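You will see chain A twice below: alongside chain B first, and alongside chain C after that.
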Partner chain A sequence: MAADVAAGTRSAAAARLVAARRLVYLYFRCLGQQMKAIMAYEANFIVLMFSAVLVQLAGLAFIWAIFQRIPDVNGWTFWQVVMMSALIFVTEGVGSLFFEGTWRLSYLVYTGQFDQMLVRPISPIVQVLAGAVGFNGLGNIVTGFVLIGIAMANVPVQWTPGRVLMLVILLVSAATIRVAINLASAASTFWIRSPWSMVPMFVHQLGDFAKYPITIYSVAVQALIVVAVPFAFVSFFPTAFVFGVEAWSLAGLLTPLVAIYAVVMAVWIFRVGLNRYESSGH
Partner chain B sequence: MPLIEARGLTKKFRQAVKEPGLVGSLKHFFTRQYKDKLAVDHIDLSVEAGESVAYLGPNGAGKSTTIKMLTGILVPTSGSLVVDGLVPYERRQQNARKIGVVFGQRTQLWWDIPVVESFNLARDMYEIPPRRYKENLGQFTEMLGLAEFMNIPAGKISLGQRMRADLCMALLHDPKLLYLDEPTIGLDIAVKDRIRKFIRSRVEERGTTVMLTTHDLGDIEDICKRIVIIDNGKIIHDGDLAKLKDTYARDRVIHFQLARPPESIEPICAELPACELATDGLRLSVRFDRFVFAAGEIAAAVMSHVEVVDFRIDEPEVEALIRKVYLGQLSLDSPSQPAPAVVEA
Partner chain C sequence: MSHIRKYRSLARTSLEITFVYRAGFVLNMIGTVFYVVAMFYLWQTIFLGNPGSLSGFTWPEMKAYLLVAFLLNSLLTWYDEWIMSQDIREGRVAVDLARPIDFQAARFAGAMGPVPFEFCSALAVGAIVATVFGGIALPADPVHAALFLVTCALATLVKFGIVYCVSMTAFWTTGIEGIVVSRIAIQNIFSGALIPLVFFPDVLRGIAAVLPFQAMISTPALTYLGKLDGPTTLFMIGVQAFWAIGLAIAGRLMWRRAVRAVTINGG
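Then we have the complex of A and B:
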């Protein structure tokens, strides 16, 4: 009996694993279709790549401008701030490159094309996420990683294997938080039925606050980007942890938990919104 | 246990009421006004496995809304709905595995990539066994004539080709239930014919249950045995197509072409009581109840009095019948009440 139960739990776990693998596989299959679609328009593809490079250069110029004017922000060194910006760049890039579909949700919902996602045997969330590829994200990712490299080379940190592993975990968590925020804000379209909802853009812009140390802001802004829309866990807290800034590094360890919280909330908001979906042309 | 079972199914939409113009929009912005629209109003519907049902109604009657609830796209406002043991909107993904959906106005195909790639993606999504996939794709490609545009992106093929490809995609995973929302809209006769034949073959070979909305009555006669008519969100008729014809479209008309103008039609009238006769020069037409007279009897009666050069018989037209229902000139009975023997529509 006990063995049966154990076997049952094992097979249930195995089934979940298979289901998860299937989702990831289908996600990349859907994304692959989008890639092919983009490649189909060669000229457009080239322009996109070019614009990605431009964004990259603009990002570097921006950092350089900061370097010229403010060598030290509220006790935070230049390279620490660079690290924060870089994390915002990288996660934004990951969001565009792999999860650009969230930006199309309001259009799909407004036109009723979202119907199709509800009659396929895959989670609509996966379909939404895989609904588009933003090659411009490549520029942000490359810029971000270059800046992370430079920042780390300029800050004396003892690189233990544990710290390297933690950096990887933090990067993944930061990107997850960013994508979850995108998804949740995109889901606002189920309430605001307009073809181009401004809510996702507004929420996205809040991310800019997190390019700088949160200590420079008022309590209200801090509460906003720590609790309500946890962009601070995308950049500020991970940076504090990686560079061992005593006062904040412990909070940095919370980042993976915040990632889980963000995903759960985003999925919940999406599901509640989904039940309000009214399609179009009845 | 029916495959589809709906009880008191209702969908209410909230519509924003705006006065025209910028002022109207501004007013709406500050004092929001809404009114409720009952798109589907307490309908009861049960469909058995293997049935093919035509779901008809004028524009805005609630057809698409019903289909969207059945497919799990929309959450009903009230009422109960079970499709093959599942509540569609609660179990969308499980439900999706069992159904195929074709919306005539939209496509399931990926716009920018070759049609065959969309099919391959469907194979992965629905986890269709490779052998079954190959078999179905082969068969459907031949029946629907897909080979010529299989490698062309969906955005670059014609509407007729797209519909055929969409139909193929919707059926690759052998769904139990096929929902078709205006599948032949805007298509030419040859394509319509091909599509209807294909759907009929699915019904006959696989026992696929079909629920079809259309404005094209050719679709109905070719595919469906049962028709359900909805108007203003309420089901106003549910029954057998043949029975509908027998009850409300019993009249046939025979048109005769005569050799000479008839002197009088009185003697013919006397022989054919309860028939309507009309003459116009060399033409004579007789309207009769096909359950009272056989066409042969009419012809014999006419020919015994006048010389007939040619004649033709008009079958009762479903289209005319449905049009009358839409216009409110004919009220059909709800399925629960016994149908009275009304002859004249």
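Then we have the complex of A and C:
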């Protein structure tokens, strides 16, 4: 009897694992189709990548010019601020390259094309995430990682295997938070019926605040990017942890938990919105 | 006289379209407002740590600089480029070719139509930001205030020249998005939109001096603050006029070549 129950739970767990692997497989199959469509316009995607690199260089030139005149901003050094910017760019790159589809959701809902996703036997969230590829993301990821690498070389802390592992966990968590924020804000389209929902762009631009140390902002802005839309966990807290800034590094350890929280919230918001969805024309 | 009427009605139509489809405008506004607020906090912190002036800028002057940059960035948005390039990509220019109007002048009228609206909206938003951060430096004196308006007008002409040339590339490429983003990135560095050019080392300043972008933000902002002496101000206004005319001619040449390309594709 007990053995049966144990076998039952084991097979249930195995079934869940198979289902999860299937979702990942389907996600990459969908994304692959989008990749092919983009690769057809080769010159275009090279220019897009190049443009992302230029945007980052402009941001870097700005930070660099400031730190030519002053040694630190509120105690934050040049490489720490570079790290924050680079984290914003890398996670944005991950969002564009792998999950650009969130930006198309409002258009799909508006035109009624979203209905197609509902009749397919694949989770609509997976289909939305895999719905488009933004090749500018590749430029962001590469340049961002180069900057993170250089910034890491300037970290005054001893590198241990544990610390390296933590850096990887922080990077994955930061990207996860970013994508979850994108998905949640894209879901706003279920409430606002317009081909151009402002909410995703509005939320996305809040990320601008997280390019700089949160200590420069008023309490209201801090609350906004720490609690309401946790961009501070994409850039600021991970940077504080990696650089061993004592006042803030402990909060950096919360980043993986915030990532889980952000994903749960995003999926929940998306599901609530989906329940409200009545195809266009109703 | 009927010439002017044609283009004036195009400008009015374009303004009406902006009112109906506010999306592009609002998106651009949102994109820049958060950025400006972040900049205000950043510079506030910097000036708190370094009282007095940095590279000749005091905190009230820096606030004024940031707002002038914000104001000028709000005029003629990437939306104009996008609309123009969409018209080209989807072949609607064919209709324009059949009309008894000059394409460039028509696009200029279309781009200028919403400018008063963009200007007033940016001014309102800027006033709120300025109030929250405790006021900004006023123009150096009435003469500089008047010259500032002249430089703003010329800056807008230069910006149109660049936007028009970039839109023309849509005749040869399949997507203009990357080119527009590149244009904005380069412009942000060399126009002085991110930081006054005086903060840059000599090499970058030298490059900025020979590019048209500094005419778009640096010149009006420095004129507003009275940072340039009389002769330099007049010289910089001359440089603006040079770029405004030069880019308009370049745009015409590109159009002429492009129309040939269209004929080939269609025939």
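Simple rule for what comes next: the second predicted complex is superposed on the first by the 249 of 282 C-alpha atoms of A that agree within 3 Å, B and C clash if a C-alpha of one lies under 4 Å from a C-alpha of the other, contacts with A are read in each partner's own complex, and residues count from 1 in each chain.
Assume a contact is a pair of C-beta atoms (placed from the backbone, for glycine too) under 8 Å apart; a residue touches a chain by one contact, two chains touch by 3 or more.
This is a predicted model, so every value here is computed, not measured.
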First (chain B), second (chain C), both or neither touched by A:120: first
Partner chain(s) touched by A:201 [first = chain B, second = chain C, both, neither]: second
Which superposed partner A:44 touches (first chain B, second chain C, both, neither): second
Chain B versus chain C as contact partner of A:138, first or second or both or neither: neither
Contacts of A:278 with chain B and chain C, given as first, second, both or neither: first
More chain A residues in contact [chain B versus chain C]: C
Shared contact residues on chain A - chain B and chain C: 41
Chain B contact footprint on chain A (complex, rising order): 22, 25-26, 29-30, 33, 36-37, 40-41, 112-113, 115-116, 118-124, 275, 277-279, 281-282
For the chain A and chain C complex, residues of the former touching the latter: 41, 43-45, 47-52, 54-55, 57-58, 61-62, 65-66, 68-70, 72-74, 136, 194-196, 198, 201-202, 205-206, 208-209, 211-212, 215-218, 221
Chain B residues touching chain A - in the complex, by the definition given at the top: 11, 13, 39, 60, 62, 64-65, 68, 71-75, 89, 92-94, 96-97, 99, 101, 103, 105-106, 108, 110-113, 117-118, 121, 124-127, 153
Chain A partner contacts - residues on chain C that touch it in the complex: 23, 26-27, 30-31, 33-35, 37-38, 41-42, 44-46, 49-50, 54-55, 173-175, 177-179, 181-182, 184-186, 188-189, 194-195, 199-201, 204
